[in-house]
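Which chain is which? They are A, B, C and D, in the order written, and residues in each are numbered from 1.
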Amino acid sequence: MSGFNKVVTSYEQAMEGLQDGMTVIAGGFGLCGIPEGLIAQIKTMKTKELTVVSNNCGVDGFGLGLLLEDKQIKKMVSSYVGENALFEQQLLNGELEVELTPQGTLAEKMRAGGAGIPGFYTATGYGTPVGEGKEVKEFNGRPYILEESITGDFAIVKAWKADIFGNCVYRHTAQNFNPMAATAGKITVVEVEEIVPPGALEPSQIHTPGIYVNRIIQGDFEKRIERRVLAKEQGEG
Amino acid sequence: MSGFNKVVTSYEQAMEGLQDGMTVIAGGFGLCGIPEGLIAQIKTMKTKELTVVSNNCGVDGFGLGLLLEDKQIKKMVSSYVGENALFEQQLLNGELEVELTPQGTLAEKMRAGGAGIPGFYTATGYGTPVGEGKEVKEFNGRPYILEESITGDFAIVKAWKADIFGNCVYRHTAQNFNPMAATAGKITVVEVEEIVPPGALEPSQIHTPGIYVNRIIQGDFEKRIERRVLAKEQGEG
Amino acid sequence: MALSRDQIAMRVASEFKDGDYINLGIGIPTLAANYVPEDISVMLQSENGLLGMGPYPTEAQIDADMINAGKETVTAITGASIFNSAESFAMIRGGHVDFTVLGAFEVDVSGNIASWMIPGKLVKGMGGAMDLVAGAKNIIVTMTHADKHGNSKLLEACTLPLTGVSCINKIITDLAVVEVKDNEFHLLEIAPDVTIEEVKAKTAGKLTISNNLKVMAF
Amino acid sequence: MALSRDQIAMRVASEFKDGDYINLGIGIPTLAANYVPEDISVMLQSENGLLGMGPYPTEAQIDADMINAGKETVTAITGASIFNSAESFAMIRGGHVDFTVLGAFEVDVSGNIASWMIPGKLVKGMGGAMDLVAGAKNIIVTMTHADKHGNSKLLEACTLPLTGVSCINKIITDLAVVEVKDNEFHLLEIAPDVTIEEVKAKTAGKLTISNNLKVMAF
C-alpha cells in the first residue's frame, strides 16, 4: 500500500537517473523559490551537457549559477540571464548556448508540455527576433506565432509544504514557475520545506496535485535574497 | 477610491448590458457550481438568441434548462447535453443548435480565451467528427488538431467566497469550469455564497484573482443535487 | 459462460498496479473500484476535477458541491486534491493518468474506438471520453463482446463515428481479454466455459489466438 | 527645461484611472507608483505572480519568498492575490491588465518598440517585456526623448531588434507627451520651457503638432 508515498530520504535517491545530456526544467524566479538542494546534488553528480529550462540562471556561486562552475550546462532556455560573470564569460566563449524565450511564453510552454498541448499561438514575439522562423497565423486579423511546448527528463521544483502523496503548496511569490515545471518533467522531484501528514492540506487549496510528482525530499533552505530593498524610513509611496 | 469595489446589490445591475445575440460563458458542471440567480435573471430579462457556452445545459426547470422554456438559447457549446426533455425537443425541432466539444477541449478553449491564446493543438478529437474541417499538424510524429479559443460577452460564474475586489475561491467540485469561465468574459459576473472582508482570503490561495471579475453579487443558492447516490449500508467498496 | 458485469470489473481491477492513477468511466468501469486487490492502492481521478475520489457518501456526508463526473454525489479520500476542469484535463491530456477504463460500442484492429454517437439516435455528447482516449497511457475498453443481436463489437474497422484513433490497447469483454496490436486482435484470455469458436464467431476483426491462452479464474 | 525622472513619473501617473490594474517596468515606470493621485486607487501587477503589490518592506517585513519582477523584496497589499507565472501571463497576454508602463531604446511611428537588445552588446533577455507589449490594453513608454549623444529615440522605423510591433499608444519623455497614431507622432503636450523646435529637432519620425498643444504643469 506504499504506492503513493513519494518521500525519499537522500538527495542521491531524489536525482537518481539523471544523466549527461538530459533536459532539466527548474522552478524558481531569480533566487526565489529554487530547489537549492537538488541543484547542489546535480553539482555533486557532475552531470554534463545539460539543457536547463529556467527563467534565470541564478548568480555566481548560488542557485543554477553553481552548475556553471564545472560547465555542466550546455544550453539554457530562459527569459533573463547573465546576472553572473561566469555566465557571461561562458556565453562569450561559446561554451554555453542560450535560447532566450519571453517569460510568459516560457511559462506557457512548460504548462503546455505538462498538459499534452504540443503547440499554441501567441502574439508575444511576433515581428521580433523571437518570431523568426516560426509559423505565423492570423486570428481575427491579428498575427500570432506558433510556439511549441517544453517537457523535461527531470523537473526540479521547490515547494513550501507537501504531503507524502506529492500534493504541494507554494509560499508567496516563491510559487512562480514551480507549478508548471512540476507538470512538465518525466520525473518530477520536489524539494520542500515541510512534509505534512496526508489530509493536512485542504484538497481545494493544493497548487500541485500529487499526480505530477514522483519524488519528494525534505530540504534545508538558505533562501538567499537577490535584491534586498527596504522601505524608506518615511514617506514611502 | 471605490474603483475596486465590484459588489452590486441587484441582479439587474449584475446582468446589465446583456443583449440579444450575445455569447454567455457559464461555469458549472451539471447542476453543481452554477450561478443560479444569474441564470434566473437572464430568464427574467427574456434576452433572446443567446449562444451559451457551458459544459451542460441543466435539467428541465433548473439551471440553464430554465432558458430553454422561452427559447432564449440559439446555440449551446457543450460537451454533454440532453438531460432534459425540452432540450431534446428544441434540438429535434431545429430551434436549437448544438456544438459538441470534448470536455477537456472546452475547458482549454475557455482558458485560452482568457489567456490571449487564440488557438492550440490537441490530439483530442483527431480522426473523429470533432476534427473534421480543422487544421491538422504533426508534432513528434503524432497528429494534432488546431482548436480555437472561446471568449464571451458575459461570463457568469458561481463562487463560494469572494472579497469586494473580486478575488474568489470555489468549494469542492463546484469549482469545475468556473475559474476558466471567469477569465473569458468581456464582463465577468460572479454570484457568491459569501462576501468576505478584504484580507480574509489568503493571497496564495485565491482561485480567481480579482482582475478577471467585474461584478460580484451575493446569491442565495438552492444547490439542487442531480444524482443523489448514497453508500450502501455495508460492504461498500 | 459469459462473465457477469462484476466478473469483468474484477478482471479489469487485476490490471491495476500499486500507485496507479485511474479514471473509470460510467458503468462496468466504475464497478472495478470495488475489486481493487487488497495489497495495492490506486487513486481515482474524476474528470470534473477530483483526484482521490472516495466511495459514495452516507446521508450525513452528502454535499451538493461534491460530485463525480457522472454527476453523482461522492466523497474524497484523505490526500485528495480538487481543481478546475482545465487542470483536470491537463492531467488527462498530458498523460499523467496511468489507466483509463471505459465502455464502447465498437473497437477495431487499429485500436480505434467508437463510443459516443449512433447516427440517427439523439446524440448527447462525448463528455470527456475523447480527451481520455487521446491522453491516457493505457486504455482498457470494457464491453460485451457482441451486441444483443449477436453482432460483433470487435471489428476490422469501426462503422460508427470515432471517439479516438489508434488508442486502445486492451479490451476486456464478457468472453475474453483481447490485446490490440499490429492491426490484429490477440486473444490472451478466455472466460471459463467459453469456447474459442464462440469468441472467433463473435469477433469480426482478425483474431490471433495467443500461444499462452489462459482461462480466466474467479 | 527637460523634465526630471520624477516629473515624468508624475505625468505617467496622471494617466491612471480609478480601478486600473497596472504593470510598471523597472526604472521611471516604477517611480509612477509614488505619484498615483490621491483620489483614485490602482492595483499593481508584478509579472512574477503578484496582483496588489505594496511598497518595499520594512526590516521586520522582509521575506525572501516575497519579491517583485525586478527580484527586489516587496510587500503585498490587503486584497492581493499571488499565483504562478502561467496565470500571471494569462492576465497579461489576455489583456486584463489596463496599463503597462515601460522604458525603451526606440519607438517608431508604427508603434513598434525596441527595448531589449543592442546588437554587439551582451543580451540579457527580454524577461516579460514582449508579453507585456503584446498583451496590455494601453502601453505607455517612458524614456528620454534623445540619447546622450542627442540622437532621437522617436524614429520613422526602429533600427534595433524589436520587442513588439504596432503596440505603443503613448510616449512620455523628458520633453513631451507624444501619441502614436496613423503612422505619425502627435505632439500633445510639451514640457515647461521646452520649445517646439527642440522637440522637432529631437524627433526623427514624422511629428504633427496638436492644435490643442498643452504645456505640462507641475
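Please note the rule applied: a residue touches a chain if its C-beta (ideal position, glycine included) is under 8 Å from a C-beta of that chain, and two chains touch if they have at least 3 such contacts.
The model shown is predicted, which means the values in this text are computed figures rather than measured ones.
Visitor: Both subunit B and subunit D are touched by which chains?
Guide: A chain counts here if it touches both subunit B and subunit D, which gives A.
Visitor: Which one of the chains is farthest from subunit C, going by Cα centres?
Guide: Comparing chain centres, D lies farthest from subunit C.
Visitor: When A-C is set beside A-D, which has more C-beta pairs in contact?
Guide: A-D
Visitor: For subunit A and subunit C, let me know how many angstrom lie between their CA-based centres, rounded off.
Guide: 36
Visitor: Measuring centre to centre with CA averages, how many angstrom lie between subunit A and subunit B?
Guide: 32
Visitor: When the centre of a chain is set as the mean of its C-alpha atoms, what distance in Å lies between subunit B and subunit C?
Guide: 28
Visitor: In subunit A, what residues contact two or more other chains?
Guide: 108, 111, 115-117, 122-123, 170-172, 175, 203-204, 207
Visitor: In subunit D, what residues contact two or more other chains?
Guide: 76, 82-83, 89, 92-93, 134-135
Visitor: Chains as vertices, touching pairs as edges: which of line, ring, star, complete or other describes this one?
Guide: other
Visitor: Please list each pair of chains that are touching.
Guide: A-B, A-C, A-D, B-C, B-D
Visitor: Taking the touch rule as given, give the residues of subunit C at its contact with subunit B in the complex, in rising order.
Guide: So the residues of subunit C in touch with subunit B come to 33-36, 46-50, 55-59, 62-68, 70-74, 76, 82-86, 88-89, 92-93, 112, 117, 122-131, 134-135, 161-165.
Visitor: Inside the complex, what are the residues of subunit C that reach subunit A?
Guide: Checking each residue of subunit C against subunit A gives 17-21, 39-43, 45, 51-52, 76, 78-83, 87, 89-97, 134-135.
Visitor: Touching residues of subunit B toward subunit D in the complex: what are they?
Guide: Result: residues 1-4, 111, 113-117, 163-165, 167, 183, 198-199, 201, 203-204, 206, 209-212 of subunit B touch subunit D.
Visitor: So in the complex, the part of subunit B that touches subunit A is made up of which residues?
Guide: So the residues of subunit B touching subunit A come out as 108, 112, 115-123, 137, 139-140, 142, 144, 148, 169-172, 175, 203-205, 207.
Visitor: Going by the contact rule at the top, pick out the subunit B residues touching subunit C in the complex.
Guide: 29-33, 55, 78-83, 88, 91-92, 100, 102-108, 110-111, 122-130, 160, 170-180, 207, 223-232, 236-237
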